[in-house]
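Labels run A, B and C following the written order; every chain starts at residue 1.
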Amino acid sequence: METTLDIFIKSIFSENMIFAYFLGMCSYLAVSKTVKTAVGLGAAVVFVLVVTVPLNWLLENYLLKAGALEWLNPAWKEIDLSFISFIMFIAVVASVVQLVEMIVEKFSPALYGALGIFLPLIAVNCSILGGALFMQERQYSTFLDVTAFSLGSGIGWAIAIILIAGIREKIRYSKIPAPLKGLGITFIITGLMGMAFMSFSGIKYVDEVKKEKPKNSESSSSKTNELSTSKSSKQ
Amino acid sequence: MSENLAKIKAPSESLFSKKNRKLLIEPLTNNNPVTVQVLGICSALAITVKMDTALVMGLSVIFVTAAGNYVISALRNIMPPRIRIIVQLVVAAALVIIVNEILKAYLPDISEQLSVFVGLIITNCIIMGRFEAYAMANKPWPSFLDGIGNGAGYAILLLIVAFVRELLGSGSLFGVKILGSAVPGEETGLYTMGYVNNNLIILPPMALIIVGIIIWVQRAKNTSLQEEN
Amino acid sequence: MDKESNAYTIIFATIMVVVVGGLLAFLAISLKERQDANGEIKKKMEVLSALLSPEEMMKVSRENAEAEYEKYITGGVVIDVNGKVIADGEKGKDAAFQTNIQAQYKDKNIAVNKRTYPMFTAKKEGKTLYIIPIVGMGLWGPIWGNVCIAEDKSSIAGASFGHKGETPGLGAEISLGFFIDRWVKGDEKITDENGDYQKFDVVKDGTGGQTTKIDGISGGTITSEGVEEMMNRCLVPYTVYFKTL
């Protein structure tokens, strides 16, 4: 069984939205020309993911899932509304983005200045709906897990776009074959970064089962795992 | 434009007039939604490990863009402008749900492999992009063709990437082992000569690199598409 | 009518919701039966894949899975963590089939000792065999399997493992024949001579030939360990149950 910390770390690194699932690539490619805008969009994605995924989780568990309506009326145990979950999720995403935009504009003009222009972009960012759909597919069972997952996914996405923006700022001074300029080289660099991120796979918070095992070879390997976990969580 | 529309009204040559053919063919090459317009990569690459998933995904997207374009175009004059985007989203989501339900019922194995990526067709920028840029301003039939064209441009790219990845990664196409059997101890075909499948190709990052190479090839041939930096 | 007016917008939205909702509900209801059947057939095929050899399994397809399942699987039981019977006899087969151990494993709201353990009994070539579904975690996501225990209620007679998305060529190889053979053909037993559970060890040093030791997959260590953990965790209650038979 995965611990909450496992879920968090995994969703940042080994199951990174960009590198492992290519979600939100459109805005990732379009808005990664300078680091400053990348930071803005990254922050907006983290924010919207953390709001919408747990919200969609509540919707899924108390409204849509087979038997989810039982809390209202035991007779409704058989009702399964999961077939409309796509529409519900996208509606939640779109309306939350709209609401957040209005609230931020009203109460924090400074934050609106920083995030404002990115918010409309986000409603159609695949990573947001992707977050909701992954939540549904993986059936996280507690609210804490879902929040950890959404925060981790958002941070992972933000890290990816900020890194690529940094690289693209520098790459302007490199000699790249003309046909590869712009889009082509960005794809290839993203691929190479994805390979680098794959080396984070298998990071695990050491759980009870592993600790019990008295094997020597095991304890050394789990130690390195522990080390890399603490290292990576610092990042 | 009005000239074009007039042509469409005349049924004899309307359906596949030159302009309509262009709607179909342009997006396949010089105006490819993925490699040129940079739309809709999101939901695409994770399902290109095998040809059959890529094909089903491509067909699903063609269906959604074509049918969606048709519906939006038919509704464009009665649609309240204020809830335009919501109507578009609802149409896209409803079509995707139809696709998903049908896949689950009739192609359960492929549906399982596609997992969340069918749902992500909703946020595929191609769909909303074509609704907004084409279907809102044109008649249903050209919109329908435009949808098929753009969906097919997307599907072709998926199939090219999947062809490379399945052939080099698993030694098969559509699940048929065309390079022989790679089972340890009982190799046949190419594998007897020491050939091994490239497992790296199956991992997600290689999909991006293959798309990068496709863009490279395309832009080397068609220099007008090249970017400044 | 004015397209900008509130009334028009609301009427349009209402009609849209009713039309779309009706259409989708109709579609979902008419396809539901088929979708559920697909899920059941898949589960039945997974159960059978532990019992039958790969050659026999080749002949089982979605079309005849139902009949093959009924042919081989004769009954089932559901037990709790202490090996106590929750359901058996007539109801056992259905109860075992309906128990979703993957959902239980994932759901943190169900305490570990409240999980239930289903088992199928099968008859093949006159022998009684026991098929036990198991579930665990690999490197990337869930892994699962079915283990077939022979008539002596100890030797592993067959197994099948599945995974959601382990690394191709490395962890993903747990589902391949050669890895399964290491469990099945190595005279592996789940109990010692007293009938107590004996732990399996997935090893890297090539000593997998010994009883209770299995060679892991090189490069797929974490997935192999996931299989080991899944076996050691899931099988224990059954050995307690077997003692009572």
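Quick note on the criterion: a residue touches a chain if its C-beta (ideal position, glycine included) is under 8 Å from a C-beta of that chain, and two chains touch if they have at least 3 such contacts.
Note that the structure is predicted; figures quoted are calculated from it, not measured.
S.K.: Would you mind checking which chain's C-alpha centre is most distant from the centre of chain A?
M.R.: So the chain farthest away from chain A turns out to be C.
S.K.: Using mean Cα positions, find the chain sitting nearest the overall protein centre.
M.R.: A
S.K.: Could you let me know which interface, B-C or A-B, is made of more C-beta pairs in contact?
M.R.: Looking at contacts between chains, A-B has the larger number.
S.K.: CA centre of chain A versus CA centre of chain C: separation in Å?
M.R.: A distance of 29 Å separates the two centres.
S.K.: When the C-alpha atoms of chain A and chain B are each averaged to a single point, how far apart are the two points in Å?
M.R.: 24
S.K.: Using mean CA coordinates as chain centres, what's the chain B-chain C distance in Å?
M.R.: 34
S.K.: If I count partner chains per residue in chain C, which residues reach a count of at least 2?
M.R.: 20, 24, 27-28, 167
S.K.: Give me the residues of chain A that touch two or more other chains.
M.R.: Touching at least two other chains: 83-84, 87.
S.K.: For chain B, give me the residues that contact two or more of the other chains.
M.R.: Expected reply: 86, 90, 94, 97, 101, 203.
S.K.: Give the list of chain B residues in touch with chain A in this complex.
M.R.: Its residues touching chain A are 35, 38-46, 85-86, 89-90, 93-94, 96-97, 100-101, 115-116, 119-120, 122-125, 128, 203-209, 211-213, 215-220, 223, 226-229.
S.K.: Residues of chain B touching chain C in their complex?
M.R.: Its residues touching chain C are 78-83, 86-87, 90, 94, 97-98, 101-102, 104-106, 108, 169-170, 183-185, 197, 199, 202-203.
S.K.: Across the complex, what residues on chain C touch chain B?
M.R.: 3-4, 8-9, 12-13, 16-17, 20, 23-24, 27-28, 31, 34-35, 38-39, 42, 62, 167-170, 176-178
S.K.: Name, in rising order, each residue of chain C that touches chain A in their complex.
M.R.: Where chain C meets chain A, its residues are 20-21, 24-25, 27-28, 32, 103, 105-109, 137, 139-141, 167, 201, 204, 221-222, 229, 233.
S.K.: Can you list the chain A residues touching chain B in their complex?
M.R.: Interface residues on chain A, with respect to chain B: 19-26, 29-30, 83-84, 86-87, 89-91, 94, 124-130, 133-134, 136-137, 172, 177-188, 190-195, 198.
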